[in-house]
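Here you go, one structure.
Lettered A, B, C, D, E and F in written order, each chain numbered from 1.
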């Protein structure tokens, strides 16, 4: 099973190659023995995603990266942003490769562990709220709890970040959240979800782990997204047909 | 009141300048006497939007076009695609200009005229379904009814198009649609909604007319989208502040 | 475009003709140059509407007023009460005249500006809650925030009223309201929504302005309510037919 | 236990006193031995209710009838129309008397017998649909099935009526209705629900029987509607206080 | 009308026969004069139900008790636990006997008295939340308010219990509950709902009274649960057929 | 990773040990190389589950089997029935072992592959419908499609079964199902989902594969169900404490 975790922007420029290597190592440690995972960032796109505007900027580079990943025989591509930018478009375009969004994966797995969830994330929450709506899990959704630290500075003072996450999580649990989902991949790679869960008294879902697990599961089961939901773009189909 | 209707792609290349002029004239004829409307297409982007992939391609050119429109003093920008691509991102970025999506506008106006709506549109419907979900009007939504003609060929045989629209609309009315929304701007500019409504026995909503009316209404009322929903992207705000 | 704003009760008896003239002037100032708006109250009905009981009392006078307004060629009637009493009945009865309710109009326009809304209004909220339900916007609804001042005394101490509205609005924003709707027409005609919006940090929707704009929009677009939703009462149709 | 079933209009003028006596006798036969039921119509109001317009006309006579019924010591008033016109207003006004609507009662009792319901009724269905929404049972609601016979002629040819009801019911059962509610009081007093249920293979709910049972249940349990939902109209309370 | 209230476990072992006799007397005092009610506990099953695990243990003894109750001509069996354990299974198995769950009955009756409800109960709330979901009344549901006293000790210090119930109820009313449902049968038989309602200012629903009233109502109306929802188990039907 | 798939009843008596061995082999072939899966049935319980009654009978044997499985160090128990009987109770009772229900797992995984799902299953559907409700996925649910063959005879004529499944699936796809879930574990172990998916043109989800994958995923991620949702039964906790 070959899985590629794609960060939709030039993150190595912003935080260095070591951080990507660190993430790749973590993913490998979480995977089954027969799974090959790698992490890749993209030459263009936003440095980090903290707005719907940046989410939109992330899509064209993902689209550009798709064909070579498919050609290399990658089984599943995980889009490395919680709000799942571009996942629908990539699913339309992909021919044999599975595309997984960590946001949708984490919300549904949280639903398998408790009755309701809250999401601890960074501003701005509108994209996350819309993901909850399109996944149709708003009936289980308590609220977002915001940690007001820029994404690229979350690791600068991990203790302060952890305190802020704890505070945001506790407020959500007090309002009825029976599970907490981390709504930011840079939070996910802090690898603190079990420590945070112990403090909060409820499971904390790591979207990176869960996206990896869902990708494995679907590849092993031979399951692909529905073509009724994500048909190939008609103009591309036509071109492909006339090229034959 | 200055309104600019922006077609997110090089439509004039595909169908000629005359079609843009025709659409501009129609919009002018629908507007109040003190409203100045113009139609503009963009140098890059998809020729037409028939997939989520093309929707995503339409956003960067819209983002690029925003500053000059704001600088020219345009009061409201209407995004010329029913599924409202880029509207959220543009609302984050706009400083004084209102951004209106015809899809959301048409669905809420339909809701003011009857208890339920169906949407007559071209494939593929997933983006339209997601718009219904994020507008939170799925409880009023009967279904989409598809007219299987490529967007750029809808005007080739208007009679055939009208017949196909009638058939799709009748099926939706039979399933309980108390109003019909046209879910494609090229259908809107056929200007056949009253004729179709007479055939179907229920109102047919033209998203171009309605988006224009909603833009007028909001400009006159001095209403802008909520900054709680669409805050400016933090990195841009920071840059702007450090540039001062 | 001829629009008549009808206050469903003898308001001039309670607060004097000057108040009606003031409201008419405000409406004129908000309208497009080719729109003719007038305000009219009715000889019978409740002095103000602060209960479902009074709402019901307001309907027969509205029904009585309908035929002459239609005969005069009025294009659109706006029912001057936020909870939209009688709108459905008037739509069944009207033959060519559009009937608009400010409550439904304001809730849907608020939905075009942000993800959720709260309603600042006077007691009692049950009718307002039911309007939210029948408009099917409960999924966007945070709550009502009550200003405990009788409707007819809202202008006695405008500053105190504004403070109470601010407090009610702030509580709703703290609970997640991304927009605020004024749920009382006497509040709407205080014309303070922009000042209140500046204090609250979110848009405040004036139902009088919005109802006017929606009436204009629908008249220009030639759109009428669905006859599938609001058919003419069968016994009246029969009478009309047998009278022919 | 004293219960009064009030028909909101001069039905005896339309169909004669015998029909009222027949209905009273039926209600008595359905009640517990210690329950005293009577049927009463009102001097004004619509002859029958087949539109929202007529529903609204029915309310003022009901309001007028309330004080004397309360003075006579009636424990519970049942409003004799399925769409529950005036129930909310009467609940605001009543001081000690319970007010029951047969529509809400029947929908909730149907919900105790099966997972979903359909409603067999006469046109026009918008008021019935709105009742389903305000009772918040739309998630259980399959659809209305219409019997196109004027209310006052349902008994003219009972066999034809029964056939039409059967057909409407079968179509709803085929679409998933696990119970059927009769949505018209004149259908209820045909007393055919068990025969119809045997044909359809699912329970058929008689709203007259159920409203009676619910009224009994609530009177015995000493339960009244919530004053948080139905507070007394403030102006009346003020008058009552200043009169003291 | 013969009604049997069955406590699904050996409660007399835990609290003595007197408590069962006390409950039977209360039920008799609430019933119509022609109703014969008795209370019965079962030889096996949990001593009290405070978990989903105990709920499940309660079902086989209920199933075992069913045939003899049916043979004795009991018209309706009320399952004496608020979360309605076994009701669906018993409905599948019963041939002529009505089975009523007090939880579903109380939630629907609360819905007839106000717009929203909260539930005052003992831990653990997951089963209660699931009942609200399967009754599809989550849209009216504010929350559970927990009284942290073991079920079998609720009567040890009735004043303390009443204070804890008041506190839990007040918190729910402050959050918008327009009615309160008691979510535990041992609370119901404290017979304090009117006193509690007076304190809280909203109706408090006693599930024992309401289940009794609903059972009466359905027996008098000759209504049984839908066989479309609760068909007889196919293997039992087959056995019965081959035994013939 | 040790996983035990438990069939809640004496299935080997009904269909022989070979069938259990066959299922175990299939599960092994689907699992990652480091996963150890075994299949076990139980000495008591129903022969198959085709009613809510039989579902309830399946729970006590599952409860009895739990402690020894935990003692043996099993990481995850999969309950071998689509409607997930006993999962909530087992989660309350389990101390370190994960409990997974194939129904919930399959519905959430289907939600990751398409916008809506239908369920092809055997009668009776009420338990399946309730699972959809408690998983809160009713908004994505099209309907159940029934294959009217007894569970234990599904393999008697596999071709006939496959035809019936195809027909049921096609009807659901025609009504808008974008994915199909197999709602019966004996269907799952026919291992025909890809062949069926090819016929239907949409993904067909095998609940056995998916439950296995979800169990793996959660064990690797170290995730357990929320104790806020599934707390240990208080009386057992008390006993355990007083035993210390």
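The criterion applied here is as follows: contacts are C-beta pairs under 8 Å (C-beta built on N, C-alpha and C of every residue); 3 or more make two chains touch, one makes a residue touch a chain.
This structure is a prediction, so every number in the text was calculated from the model and none was measured.
Counting steps between touching chains, the shortest path from chain A to chain D takes 2. With centres taken as mean Cα positions, chain F sits 30 Å from chain E.
Distance from the chain B centre to the chain F centre is 45 Å, each centre being the mean of its Cα atoms.
Note on chain placement: the centre of chain C and the centre of chain F lie 53 Å apart, centres being C-alpha means. Residue positions of chain C with contacts to 2 or more other chains are 115, 126, 136, 139, 229.
Checking each pair of chains for touch leaves A-B, A-C, A-E, A-F, B-C, B-D, B-F, C-D, C-E, D-E, D-F, E-F. Residues of chain B that touch chain C in their complex: 30-35, 100, 104-105, 108-109, 111-115, 135-137, 139-140, 173, 178-179, 194, 201-203, 205-206, 209-210, 213-214, 216-218, 220-229.
Those residues of chain D that touch chain B in the shared complex are 126, 129, 138, 143. Chain A contributes residues 47-48, 50-57, 59-60, 63, 86, 88-89, 92-93, 123-124, 126-127, 130, 133-134, 136, 150, 229-236 to its touches with chain B in the complex. Chain E makes touch with chain C in their complex at residues 115, 139, 176.
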